[in-house]
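Note that the chains are named A, B, C and D in the order they appear, and that numbering of residues resets to 1 at the start of each chain.
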Amino acid sequence: MKFSKFPTKAGRRSLSRSISQSSTDSYSSAASYTDSSDDETSPRDKAQVNTHGSSDFCVKNIKQAEFGRREIEIAEQDMSALISLRKRAQGEKPLAGAKIVGCTHITAQTAVLIETLVALGAQCRWTACNIYSTQNEVAAALAETGVPVFAWKGESEDDFWWCIDRCVNTEGWQANMILDDGGDLTHWVYKKYPSVFKKVRGIVEESVTGVHRLYQLSKAGKLCVPAMNVNDSVTKQKFDNLYCCRESILDGLKRTTDIMFGGKQVVVCGYGEVGKGCCTALKALGAIVCITEIDPICALQACMDGFRVVKLSEVIRQMDVVITCTGNKNVVTREQLDRMKNGCIVCNMGHSNTEIDVASLRSPELTWERVRSQVDHIIWPDGKRVVLLAEGRLLNLSCSTVPTFVLSITATTQALALIELFNAPEGRYKQDVYLLPKKMDEYVASLHLPNFDAHLTELSDEQAKYMGLNKNGPFKPNYYR
Amino acid sequence: MKFSKFPTKAGRRSLSRSISQSSTDSYSSAASYTDSSDDETSPRDKAQVNTHGSSDFCVKNIKQAEFGRREIEIAEQDMSALISLRKRAQGEKPLAGAKIVGCTHITAQTAVLIETLVALGAQCRWTACNIYSTQNEVAAALAETGVPVFAWKGESEDDFWWCIDRCVNTEGWQANMILDDGGDLTHWVYKKYPSVFKKVRGIVEESVTGVHRLYQLSKAGKLCVPAMNVNDSVTKQKFDNLYCCRESILDGLKRTTDIMFGGKQVVVCGYGEVGKGCCTALKALGAIVCITEIDPICALQACMDGFRVVKLSEVIRQMDVVITCTGNKNVVTREQLDRMKNGCIVCNMGHSNTEIDVASLRSPELTWERVRSQVDHIIWPDGKRVVLLAEGRLLNLSCSTVPTFVLSITATTQALALIELFNAPEGRYKQDVYLLPKKMDEYVASLHLPNFDAHLTELSDEQAKYMGLNKNGPFKPNYYR
Amino acid sequence: MKFSKFPTKAGRRSLSRSISQSSTDSYSSAASYTDSSDDETSPRDKAQVNTHGSSDFCVKNIKQAEFGRREIEIAEQDMSALISLRKRAQGEKPLAGAKIVGCTHITAQTAVLIETLVALGAQCRWTACNIYSTQNEVAAALAETGVPVFAWKGESEDDFWWCIDRCVNTEGWQANMILDDGGDLTHWVYKKYPSVFKKVRGIVEESVTGVHRLYQLSKAGKLCVPAMNVNDSVTKQKFDNLYCCRESILDGLKRTTDIMFGGKQVVVCGYGEVGKGCCTALKALGAIVCITEIDPICALQACMDGFRVVKLSEVIRQMDVVITCTGNKNVVTREQLDRMKNGCIVCNMGHSNTEIDVASLRSPELTWERVRSQVDHIIWPDGKRVVLLAEGRLLNLSCSTVPTFVLSITATTQALALIELFNAPEGRYKQDVYLLPKKMDEYVASLHLPNFDAHLTELSDEQAKYMGLNKNGPFKPNYYR
Amino acid sequence: MKFSKFPTKAGRRSLSRSISQSSTDSYSSAASYTDSSDDETSPRDKAQVNTHGSSDFCVKNIKQAEFGRREIEIAEQDMSALISLRKRAQGEKPLAGAKIVGCTHITAQTAVLIETLVALGAQCRWTACNIYSTQNEVAAALAETGVPVFAWKGESEDDFWWCIDRCVNTEGWQANMILDDGGDLTHWVYKKYPSVFKKVRGIVEESVTGVHRLYQLSKAGKLCVPAMNVNDSVTKQKFDNLYCCRESILDGLKRTTDIMFGGKQVVVCGYGEVGKGCCTALKALGAIVCITEIDPICALQACMDGFRVVKLSEVIRQMDVVITCTGNKNVVTREQLDRMKNGCIVCNMGHSNTEIDVASLRSPELTWERVRSQVDHIIWPDGKRVVLLAEGRLLNLSCSTVPTFVLSITATTQALALIELFNAPEGRYKQDVYLLPKKMDEYVASLHLPNFDAHLTELSDEQAKYMGLNKNGPFKPNYYR
């Protein structure tokens, strides 16, 4: 099949869906360290070959491999859990025979994951889940070591599907495991190569969106292989939300606005895990924080944690910073934007790009001025400026970096989920969506404790009996969150 | 029935169980404010009558009623949720016809609950769930207003059961609701007056112990009425554990030892909600805190929250304070007690009195010296002293007071559970143990928000639809904890 | 001289001043642990003798000595700096020949100081600086070991001066050093036995009031010996204000009101060191704190530390707790008290009893109700209650205990000041008031570091030279505060 | 004088000093937002003219003026104190007649200062105090409005002095005020145009280095005009050290290393204001922090604030991050660098570049690898990497931005100092170095309070009298720091 025949954007409507929103989200500008003033030739039009003579890949520039290797090595230093997993499992090669097709952000951290999978015996083909998020040098480094990678930063939508197709549709190799982030790969296989699922032992999916789609498939009775939802594992949840946001809210605001936190009046909309993380950090740095909530239980927690619970409209005039973390839509309305004071910063840490009514700001009486990357001044007729970050998309994806350590937890969980699904005895998993068993969640956590030089206590036999627990866990009920 | 015929301690073995452990736990010395140098006559031997001519009660001294009334009035100021419930529900008298027999601590706060139940239409008879915890003045104040109360501070075990019996076994009045704390009342009814259950519409149980017993009855198929587990409601859990311990660890240590927290080296065993509360407070006051954990997930949380995770034996020599919050047994062993430094303070915030191996300290080579109420110095042959608080029982029950606000949450939940069970249409509840519906949990929370002048945000129709929620809640899934 | 001839209260006006205010301040009820139901005979009318046959003392009950000894031993555990000073200086007996007359609170902690002075070679006679603050058992323990102590809890004003006189005016013994707290002893010597100053080598004074008087004497040219102001040493200031208030604000509020801090709205008047300590602790426990200030620099610090800066009148209606720490008068006025909400708690951490206009509350339309020791409800005609603590006197003196560690710093500083003045070569100190040399301040600090297992770094020769410092300090300029 | 005759680097030795160290410190890469790939022509060789026809300036590219204007406008939003000063003082033009020659970083923030001075009546000529720190666009914007600016990013040392000379040595204009940052301008005038001092009414100096030089001149009797030390004003000190470092330590570490703070083991060397700021922030974000100190008083403060006090060598093996804030040299030695663990991050927040012995790392057995701007990996023969930031220079100058608000305080202080010196009556200031009067310090603070919507309380007459204060301040003694 000549790929130029691949349906154009218009033609692809027959697929009944376009690229997922997350695939086009902007992504941290920190993602690439090398010069972006590269030549403009599309990688699809270049003939490249790695030093081993293979040309089964498509990356921006294979010559950047050395730089990418260094980035991978730096990442390895903070991902000792995966390295340790490599060591523990390497002898038995638990993924021997696994043929994994993967679709994730392609960064130094996922490279550490991919190379771990290879070390455990798997063959991998990989593509990007987002058209902006590929670190070209890292893709080059992977291609150089022989992993067929099809991804570069700044793909077109057509490129995006072409890359996925090249991963799946290859002669003499058929995937038996899928690792997906966002569900686009899974979707493509469903639509184009449904027969692949006959051999596939399972899907591991990381994103909210992708997991949502799997549950829908399952409900509709169309899920034909077991799927593991790693998004909702306890460890990932706590890190992605509470702890990671605690750090990234500061970083995102600082890198975009150089704001001084001390004494700033901040309102955080939503006091779930994300809101809690944001509030903790901002309060700790001297900001004066209040929150809005719809849920009385979270509101009561906010009170006990020392935050005033207010309605947004009551306080909007006094605020220096407005942060949304609700998962809802139109939490900040045009009317509220109209009432903000000059210089007020507005950003979103929550969900997609729905929380701030950005569309309402695209009206003729307002002037938009891009003052820095990801920073727009919206100027009212009277001269008032509101500072909008990342056009209302997720601040921590767009304007800060995610700590390697957090990514390590996700990657380790993904690796364990793959091992579990690939090796599970017939019948353990049906055609359904599963959460990682609590015990594996605990194992992921335990692999990360050495980073902190943390020493676990072991139960004595007598204590285990008293508690009714197995000495090796699981220690938490499955419903623990 | 003449009560002196009631089985003696030995005889009662036929009941196959003695008084529950929690019934004899020591209880805060703050529980009574009036002079304890009262006469020594047993209340059972006194003839007392209130100003309305009734003698259907048995309290220490009915003349203390006025003092008790003042304590109740003070408590009412911090229990506005119950007062507000009185107002909202008073017109319709949702408990009209309810005959409630209750067995709880008898304090100013439970008096506010009891008087709320009466205001909502119920008739009540009440007794104490703990032989030490009755505030005599409050019991007098209740008896004075006509609530038959049978309780005093310092009951014997025989008194304890006699009081319960007098509540249940009364001519011309039969309970149709049970409110219990610890399960002793429920147990007594099961053993002595099982026919009472024919009329009982439900049991509301507050304690861990009592709930545990109910689940056992349910499992054994012996639970013959619906029971509501208010112990595990979200609001109560968060307040009783995280927030309440955050405050009471400081208070308990300060009142017993006058310790300065700044710079003290503290090890907290267990990083569940109780441990998290203790660690937060101690760190905030300048202590240097490390933790022990058996569970890698909690251990990882501790790391991220800035606490070193250690084994107790590694650090025991350096510690100034050792606090247990594990729910386990023998967490602090004699060997570790032997290695503590001079002046080390040891106490328990966790579970019952099992966590510190106190029994091992009752050996001839060690001298015990009671230096203050609830404070013992254990003296080693070389002169080393370890400071043991509350003999290893729960510090916050024994040595600090529980904020009225926390008790308000529990009491409001109990009142709502009684209303729900009493008014539920036939068939809504079976002979099983139920958690309070999430929506009622949220209602309890919402009743407490005005205390903080907190203003909830309401979902717009559009937002509710987007989230798939009812505008009035529940906002959380039932599995939310 | 028969003391009954001593001037009566009226007659003593000739002394041109009465007892100092601080001498009659109420003092923590924790000060005495033994039963207060003692016999009512005045100690002055009792004949007592210790086991060594001496009767040169006057205490409540010499038989309480053993109990007092235990309290002293407990205090010693937290005063290792003094114990270590005893060891370092004991060989050379730097106070050999010193005859010290002292007037301080008589507590277990001052007993450790007194016994240290004795161990270093001094002879001491001691009396109380406050008519309420003597721990009778401790006084007995000191008397039992042979220190002539004249003090008991609950002295009359006449007793107070009689005790001072008995310390100073004794046959065959004349003081050559004075240790004072409040200046009453110094005043008495000035008025009655001015010739004593011929032999006195110096005065060590601890209190704000006493220091103030010394500076006045110095200004008036009437100070006839050197005096050391230990009140303003850096170490003491930081501990007495910032750190000590950080702990005692929580303790004082909890012991009096059992308040839950989480979510409480608190206004702190004044953001000096005391205010900073209070705000830090309350915020850390989840209170929502705002401050009032007159000084823009402190106000700016409050902003940066995350506190809203408001005028009291703007917020008074919403507050749950009002705390004064300004050192000023009428900071909380009757008009503001009128506008407080029901249940608002008002207390003073600042200065004397001037900050809250308590006098304005003693008016006929308001009812005072004493609900606990140190806790009054002031009831407005409409039923509103304001909770006034310690009648507006210092909360942390009246309602909480002061950590032994803080007292250890003061006591060590006093001991060093005595050694310095007693041993200083002629001419080093003139008839003036001196601050402790910075180097001694640093020495006091260094003696307390082992309590925290803290390890100081030493400068290398090269580093000392680079910084222009002596390797052994002082490290701070004298103006450092 | 033709400037090409200006002494070359070698020749200038006769000036007995070269450019000050601070003039060549690297400076945040955030300083310029426009493309640096400009043409390579030296500005000195270009003929440029602004739209008003003036060519009395020398900047990179006058065409960048519009972009620079926008940066200035953004800065104005956070510098409302200066704007408010403009408004208050504009009527009376307190700087009418002032001819100010200035030498500072040329940034949007200093532009706001310069334009304030102009608005108050001054004429200004300006040059850069650092060869890297000029924002070219801002310099262009200033030149465009008619301020003669001589500065660009990336000057050579020769350019540096040439620019200064062009400011001072101009026909028909002679400075009567000097505003300096680092002392290079002052030095140049002393050496080359000493006669200028006849007309100069005063010098305002901001930097530690410059102030040090002025005190030396003063000591040597060579200071011939009054000088104002704005570096040591209270407001500036608190902001530049405690508060600013609290924010910039996080920012600097995050931008360079993307480190996750939670659970990291950090040692901070030095617990002065800078160290306190760093420790507060890191602890707040979940790092586990210990400190080293030479001074027992600061060490005791660290203990009370909850930090273990250790010797660096005791803990060096366990640390994830090492931060120096001592002001000393060789605080981190090669031997300690040898013992660090793989991946340890080392940086300096203290003083110049002396604290870490970077020179010792430039030895043949170690490999340096520049992994990002300002980030070097030093690689040991065994593969261990130590991550060195900014080559040991100040992290917050090199790798983070300084909040505009902090710069606003400095700039306002400078403006007030200029007004004070220019308008002071004869005799108020002698040929000496002065601190800003406390009252002016308080005025600077008060001008910044509106940013926080902070409301100062005013003393009543009665209160002012009681405190012995003027109602308008100053409220602090002059020795307050």
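The rule is simple: a contact is a pair of C-beta atoms (placed from the backbone, for glycine too) under 8 Å apart; a residue touches a chain by one contact, two chains touch by 3 or more.
Since this is a predicted model, take the numbers as computed values, not measurements.
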Which of B-D and A-B has more C-beta pairs touching across its chains: A-B
Chain whose average C-alpha position is farthest from subunit D's own: B
Distance from the mean Cα position of subunit C to that of subunit B, given in whole angstrom: 39
Rounded Å distance between subunit B and subunit D, as computed from the means of their C-alpha atoms: 59
Whole-Å gap separating subunit A and subunit B, where each centre is the average of the chain's CA atoms: 44
Numbers and ranges of subunit C residues touching at least 2 other chains: 243, 262-263, 286, 303-304, 308, 452-453
Sites on subunit D touched by subunit B in the complex: 262-263, 283, 286-288, 303-308
Complex interface listing, subunit C residues touching subunit B: 30, 33, 70, 74, 77-78, 243-244, 246-247, 250-251, 254-255, 258-263, 265, 281, 284-286, 318, 342-343, 369, 371-372, 385, 400-401, 403-406, 451-453
Complex interface listing, subunit C residues touching subunit D: 234-235, 238-239, 243, 292-304, 308-312, 314, 327-331, 354, 441-443, 445-446, 448-449, 452-460, 462-463, 466-467, 473, 475-476, 479-481
